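For reference, the structures are reproduced in the following blocks.
In the two complexes that follow, chain A is the common piece, with chain B as its partner first and chain C second.
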Partner chain A sequence: MDSGLDFNNHIIATFKLFGIDIRFTDTILNTWIIMAVLILFAIVVRIKLNKFKDVPETGFQNFIEAIVEAMDSFVSSNMGIKYKYFGNWFFGVFAFVLFSNLFGLLSFRAPTADLATTGALAFTTFILIHFMGIMTAKGSYFKAYLEPVPFLLPINIISEFATPVSLSFRLFGNILGGTIIMGLVYSLPAYVKVGIPAALHVYFDVFAGALQTFIFVMLSMAFIGDKIPEEMKN
Partner chain B sequence: MNGFILTLDQSFLIDVAWQLLNTVILCGVLSFLLYKPVLKFMEKRRERIQNQLDTADEKLTDAGRLKAEYEKKLREINTEREEILSMARTRAAQREQEIISQAKKEAETLKNRAMTDIQREQEKAKDEMKKQIIEISSAMASRFIKASIDENQQKKLADEVISELGDVKWQN
Partner chain C sequence: MESFELASLRAFVLGCSAIGAGIAMIAGVGPGIGQGYAAGKGCEAVGRQPEARGTIMSTMLLGAAVAETTGIYGLVIAIILLFANPLVDLIQK
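Let's look at the complex of A and B:
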């Protein structure tokens, strides 16, 4: 391609492990950068937590309390107070997806613009949906596949598999779309590029990114919560 | 540098596995370092504040109860005081009456005694006076008699008295 258009997820290196080709891509590298930033931030929080006061005195403490509190009440209201320990998982997912989506602002390729990332996240959601369903609903989990009428069983099964697919492709498509449009805009002649990319970044990265993060986490919670019988949630 | 946007092959599955591992590690670390400790901190604070509120509530009810108790006691003390005071007043009034009547009685007795004393003194004075009058009159009489009668007449009078005395004896 000579046009200078490049939305690709580059393969930085490949190596063989047990006879299998493993590629080291932009996605992995950028994921590690995000992980490093988030883990560093978590370490800072852990150190500062010892100095936290009952009445918050710093904006930092207020901010940390606000985000943790928000996630806690978010999980409680979506999945029930009994299952609010899922906040431990979704807090990480939320932070990772949000930072990934916003990563385009720094002209990095967003890890969520790779189906491998969103697929991995949707896969965990899929596993949690059915694990929690079997653990909490027991027999009625399987019976639900025969409802409302038994011959709908194939459709029910398809819909279960459609869930992670739709989850992963929604996020992937949105972010990849943003990446492609941004790439196209950046390929425009220089005199059109003043100001326009900034506005588009705000829309595709900040607005769509935050919104898609919220939607992904929210839907994951709702799907998992759906499989937990209502009377077990409190 | 070659690249791709989307492939669905074995490499894709390996990428998924890799990202799965990354995500699990990230979520685990964030949960361990950030989410759990902060949540625990807030939960502990919530409990502490709840405890403080509870104890404050308890103390408030205690204080209310004690206040009511003390007010009741105060009222009781007041009524008791009133009772004691009125009792003391009645007793004092009684005692006053007693003292007055006793004093009156004593005064009466004293007056009576004084009266009898006065009467006795009067009698005594009268007797004295009588005695003295008799003495004076007999002294005067003896003077008169000495001057007016001679020896014969004296003899005659003495005889008369003696005879009279004898008559009296006889009569007895």
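Let's look at the complex of A and C:
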């Protein structure tokens, strides 16, 4: 398009591997930048962890303990106190998705505006749902597919596959919609663009981004917790 | 240089796709009603029981997010029709 509208996922380079074209896109580059930032932060926290006291003395320790405790209580209120260790996984997902959504603020393309990223995240949730279902519920996991009547088995299976599709499309659609609207606004003449993009960034990147991150993590927890029998949660 | 017939066929498909994208966005009505209903009921619940505000809020957001799904499907279809149209490629021959 020659109207200046640009929100596409640019291909930076193309490699050939075993006869298949591997495209190195904006999404991959931005994902790696976010991963580098998060891993660096994790290493810094790990080094500082040795100096942490039982009673917090620094603001940094207070901050780290506050976010870890918030995530743990969030997980245990959704999935039961026994599955608090899922906080380790969901904290990573939460941080990655939040940083991805906020990445649009720095005029990069948000990696979550690509169905590949959100699809991969939703696929891990899909694997976790069924892994935890088989591990905890055992026989009754398979029996649940025949309920309320065995005749509904195909519909139950389709609804299981609809879960990751709706999870990934929700995040993808929200962020891509925001990206396209921002692209449309940026392609307007210059005199319209005073101040308006800032307000739109606050809504589409900060508000919608944070809300969709929260909802993605919370729905993942709810879906995984749904497959765990009620009596095993405490 | 493509023939006049092929060009007019492409224009027809593109125009119909744009109309289709517009019609697909009517799907936005449903989530609007659903989320408004969820928000209204959430307000009622907070008014009745202000101490349970946190639980009500997260439950309401969860319900609103699920209600939003159908609208997002419509949005994805509209985006595909506008920017990644699969129908135009069908009339290359």
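As a convention for this text, the second predicted complex is superposed on the first by the 234 of 234 C-alpha atoms of A that agree within 3 Å, B and C clash if a C-alpha of one lies under 4 Å from a C-alpha of the other, contacts with A are read in each partner's own complex, and residues count from 1 in each chain.
Keep in mind that, in the parts below, a residue touches a chain if its C-beta (ideal position, glycine included) is under 8 Å from a C-beta of that chain, and two chains touch if they have at least 3 such contacts.
Everything numeric in this text was worked out from a predicted model, so none of it was measured.
Superposition of the two structures on chain A leaves chain B and chain C fitting side by side, clash-free. Residue contacts after overlaying the shared chain place A:92 against chain B, while chain C stays out of touching range. Of the two partner chains placed by the overlay, only chain C lies in contact with A:166; chain B stays clear of it. By the touch criterion defined above, A:119 lies against chain B but remains apart from chain C after alignment on the C-alpha atoms of chain A. Once the two complexes are overlaid on the shared chain, A:222 sits against chain C while remaining clear of chain B. In the superposed model, A:176 makes contact with both chain B and chain C.
Of the two partners chain B and chain C, more residues of chain A are touched by B. The superposed arrangement places chain B and chain C with a least CA-CA distance of 7 Å. Common to the chain B and chain C contact sets on chain A are residues 176. Every residue of chain A that touches chain B in the complex is listed here, in rising order: 6-12, 20-23, 25-28, 31-32, 34-35, 38-39, 41-43, 45-46, 49, 52, 54, 64-65, 68-69, 71-72, 87-89, 91-93, 95-96, 111, 114-117, 119-121, 123-124, 176.
Of all residues in chain A, only 166, 169-170, 172-174, 176-177, 180, 211, 214-215, 218-219, 222 touch chain C in the complex they form. Across the complex, chain A is touched by residues 58, 61-62, 65-66, 68-69, 72-73, 75-76, 79, 83 of chain C.
Across the interface of their complex, chain A is touched by residues 1-6, 10-12, 14-20, 22-31, 33-39, 41-42, 45, 48-49 of chain B.
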